[in-house]
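First chain written, first letter: the chains are A, B and C, and each begins at residue 1.
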Amino acid sequence: MISFLLLCLALGFMVIGMPVAFAIGVASLVYFLLPTTFMPDATAVQRIIASSQSFPLLAVPLFILVGHLMNGSGITPRMMTLASTVAGWMRGGLAQVSLLLSALMGGISGSAVADAAMQSRILGGPMIKEGYSKGFTAALLSVGGLITATIPPSLGLILYGFLGEVSIGRLFIAGIVPGVMLTIALMIATAWIAKRRDYKPVHDRLPTFREVIAAVKASFWAILFPVWLIVGIRFGIFTPSEAGAFAVAYALVVGMLIYRELSLAAVIDALLMSVRDIGMIMFIILLSGAFGYVITFERVPQTLAELTLGLFSSKVALLFTISAFLLFFGMLVEATVIVMLLTPILVPVITAAGIDPVHFGLIMMTLVTFGGMTPPVGVSMFTVCGILNCSYKDYTVELLPLAAAVLTVVAIMICFPDIVMFLPNLMMGGH
Amino acid sequence: MFKILDRTEEIVAVALLAGTVIAVLMGAIGRSIGYPVPAGPEIAQLLLIWTCMLGADLMIRSGEHIRISALSDALPPSGRRVLHSLCVICMLGFLAYCGWLGWKLAMSNWAREMGASGLSYGWVTLAFPVGCALMILSLLRRIVGHGLLYAIEPETRDGEQLL
Amino acid sequence: ETKFALSTSQNSTDPLAMAMEAAAARIEDRTKGEIDVTVYPSSQLGSDNDVLEQIRNGAAIAVLVDAGRLAPFKKELGILSAPYLVDDWTQYAAITKSEPYKAWVEELAASSGLRLLNYNWFQGTRQMFSKNPVTKPEDLKGVRVRTIDAPGWLATVNAMGATAVPMAWSEVYSALQLGALDGAEAQLTGAYGIKLHEVTGNLAFTNHVQLVTGLTTSEEWFKSLSPEHQSILVEELERAGNEASAATVAKGKEVLDEMKAGGMVVNDVNPEDFKALTAGVYAELGLEEARAALQPAIDAAKP
C-alpha cells in the first residue's frame, strides 16, 4: 500500500516537471523520512551508492561510449550505406532502411535508447522532410531500438543474467532469432503503413549484386564485430560483462587504424558526450536503487507473485499473465528499474513452473524494453520526441500498429519456446 | 573562475571514463593471459560512480536531465514559476540532506574495505556527497544565471508541444 | 513492538534461511509479538558489507557474515576464516568459548558498534573444484581459481599454488563454461546450487577453510532491549545456528552423491600438502599473535 502511494508520489513529481531521476529519488527519500520506517535515513543514500557497485552494470556506460565512438569512427555511415543499398528500394524506403540499420547496429550497440537517439539525429530530419509524419517517424525510430536491444550484445540481457543468475552467454545467443523476428515483423507493419500512405522508396529499382557486395565490403569490419564478439565470449577471452570494454577497443582500432576517420579530438568528444549521457541515465539507475529497496522491504513483488502463481497450471497461461503484468508495469516504470526489481523475484517463480529462464529472459527483456517506448513514462520516447520535437499524442497514435507487431512476436515467442531456445541449445549444449 | 572549474570538471570526468574502460580491459586481458589484476573490477566501479556523479552535474549545469515538461509547458509563466520553484526546492533539499548523509556515511565507515584492492570503500561513498555539493552549486548558478523559469530546462529548446 | 530483520545472502530454500525463519517464529512467540522478526534472504537488503554499514548506522538488522567481513573493524577476528585454522568445524565451539575470542567480540562492539551475537553457523568446508584433476599443489600452477574478493581469501588461494581471480558468484558458471576460469573454490552446497560440477568435473577435498559464519547486529539496538528480550534473542539465534549447521552437513552429503552421480570425479589429495603452503598467510595478514592466543583453545578441542 505504502509502496503504491510512493509510486504515485514519484509519478506526481514527474508530472510537475521534476527531472525523472530526482522524482524517483525524492519519493524514495520520503519513505525513509516516515516515522514508521525503522531503517535509518542513511540507508537511502547507501542503496543509491550500492546500485553503482555492480560489475555487470559497467556494461551500460561502456556501450554508451561505443555508441558515441561509432558515429565518429566511420562505422555508422558505412552501416547506413549498407542498409540503404539493401532496403532502399522498398516502399517507405527510409523507414525500412532505419529498421535494417537497427538490426545491423544491434550487433555492436547494446542499448535501445542509444540506437533510437543516434537514428533520430541521422534519419529523423530526412524522414520528416520526405513527408513522413512526425509521429510515425518518432515511433518507428524509437521502436527500432528494440531490435538493437534484442540482438546481442544487449544491456538488458546482461542485467537480467546478472540478477537472475542466468548464463549471459546463452541469453546473448538466444537473442539472435527474436531480434531477426522483430525486424521482419516491424518491416511488415511498416510496409503496410507505407502502402496506405504512399511513402516512397529511396531507390527506384532493386540493388544490383555488385552494389550489395561493394556496400558489404565497405562495412566489412563493422559487420565482423558481432561475430568477433560472440567468438570472444564463447572462447572465454572475456566475460559478457567485459564485452563492452572490448567493443570500445574495437571501435577505436577500426576507427583510428583501419578506416582512419577517428581523430583524437573526436575520441575526447565522444568521451565527453558519453559522460553526459552516463550522468543522465546512470543517475536514474542510481536513484532507482533507493526505490527498489523500498519495494523489496515492503515485499511487494512476493505478494504479487504469490497472487499470480496460485492461479495457474499451464506454462503458457502463466507466461501470458506475467507478460501482461510486465507490459503494464513496463509502461509505467523505467525498464532498468523493473529488471532490477523483478528479475530476482520472477526467475525463481518461472523456474519452479518449469520454464527455461533463458526463454523467459528474452520475453521479459523484450516487453520491458518496449515499455520504455510507450507513454506515460518511457526513456526512449522522451529521448526521440525530445530530439524530433514531436508531441507525445502523435507519437502514441502512430505507435499502435508497431506495438501490434511487437506483441505478435512476443506471443509467438511464448507459444513456441523452441524458436528462442533452438540456437543456444545447439551452440552451447542443453543445460 | 567558474570557467576554470567547469573545464576542470569536464577534463576530470573524461579521464575517469577513460580510466574505467582501461580498468575493465586490464582486468579481462590480465585474467585471460594468466596474470589477473584482482583490483581491476573494483577500480572500474570506483571510477564509474565518480563518472556518474560528475556527469549528472554536467547535465544539471546545462539543464538537460530527462523530465516531462508537458504540464509546465501548458501553463503561463506564473504557473510555471510555481511548479519550477517546487521542483527546485525539493531537489535542493534532497541534494543537501542526502549529500550530508553520504558525507557522514563515508566518514564513519572509512574502515570498510572495497575487497581485493584493500582500498577504503569510503572513496566510493565520497563520490556521492561531492557530486551532490557540485549539483547544488550548479543548480544555484542556473537559478541566478538563467532565472527560475530555465533553472531545470535548457534555454535552447524551441517550443516542444507535448501531450 | 520492535521490528527486527535477519539478512543472509543465501536463498530462501537454503538450510540457513530456513533455520532463520524457524528462529523468527520462536522469537515472536516467546516475546508475545513484541519483537517482530522478518527474514530477508538472497541479499535483499543489500550485500553483506552494505548491511553491516546499515547496522553501524543503527539499523535493527542481524546479518550472517564470515569473520573476514569483520576483520576491517577488528583485525584479530579475521583469523576465524583463515586457512587450516582447525581440522574440523566442530572445534569452533572451543574457540568461541575462549577468553581471547570473547575479548575481541567486546572490543569490536566498543570500537565499531557491531555486536557479534554468535559464531556457530556452519556453511560447509571450502573445497577445490577444477577442470583438470588436482592431486598435488603443483597441479594448481597457473590454474585460474575463483575466490571471494577479500585479501585473506586471495592470499589463501595464491598460497595454495593457484592464481586467484575474484569474480561475482553469479558469473562463475558461465565463466567456467566459456573458459574464462579454470576452477573455483567453494563449499559443496554452494557449488551444487550453481551446478558447478557440470562445468568443472573434478573435485579435490583440500579442506582449506571451514566456512563458519555468525550473526552480527547493532550494539546500540541490542543494548536498547530488555535483558529478558536480549537473552531470548541470543538463545534462539544460537539454537538456529546449530540447526542450520546440522542441516548443512546433511545436505552436503546428499549433494555430493548427486554430483558424483552427475559424473564428477573426486581426486585424492593430501590436505597437509596445501596446509604447509598456507602457513605464511597468517603472517601476511598480521594474524600470528591472534593465532598464538587461540592455540590453547584449539589444542584443547583436538580429540
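Remarks
Operating definition for what follows: a residue touches a chain if its C-beta (ideal position, glycine included) is under 8 Å from a C-beta of that chain, and two chains touch if they have at least 3 such contacts.
Values in this document were obtained by computation on a predicted structure and should not be read as measured data.
Because contacts link each chain to all the remaining chains, their graph is best described as complete. The chain pair sharing the most C-beta contacts is A-B. Averaging C-alpha coordinates per chain places the centre of chain B 37 Å away from that of chain C.
Centre-to-centre spacing of chain A and chain C amounts to 38 Å, using the average Cα coordinate of each chain. Chain A and chain B have Cα centroids separated by 23 Å. Under the contact definition stated at the top, the residues of chain A that touch 2 or more other chains are 42, 46, 54-55, 236-239. Of all residues in chain B, those touching 2 or more other chains are 32, 41, 105, listed in ascending order. For chain C, the set of residues that touch two or more other chains comprises 53, 57, 167, 180.
For chain A in complex with chain B, the residues that touch the partner chain are 13-22, 25-26, 29, 41-42, 44-46, 48-49, 52-55, 57-58, 61-62, 65, 236-239, 242, 244-246, 248-249, 268, 271-272, 274-280, 282-284, 286, 375, 377, 379, 382-383, 385-386, 389, 391-393, 396.
The touching residues of chain A, counted against chain C in their complex, run 38-40, 42-43, 46-47, 50, 54-56, 161-163, 165, 167-170, 233-241, 293, 296-297, 344, 348, 428, 431. Put simply, chain C touches chain A in their complex at residues 2-3, 11, 40, 42, 44-47, 50, 53-54, 57-60, 167-168, 170-171, 173-175, 177-181, 194, 198.
Per the touch definition, chain B reaches chain A in the complex via residues 10, 13-14, 16-18, 20-21, 24-25, 27-28, 32, 41, 44-45, 48-49, 51-59, 62, 64-72, 83-84, 86-87, 90-91, 93-94, 97-98, 101-102, 104-105, 124-125, 127-128, 152-153, 158-163.
Listing the residues of chain B that touch chain C in their complex gives 31-32, 34-36, 38, 41-42, 105, 108-109, 111-113, 115-116, 118, 121.
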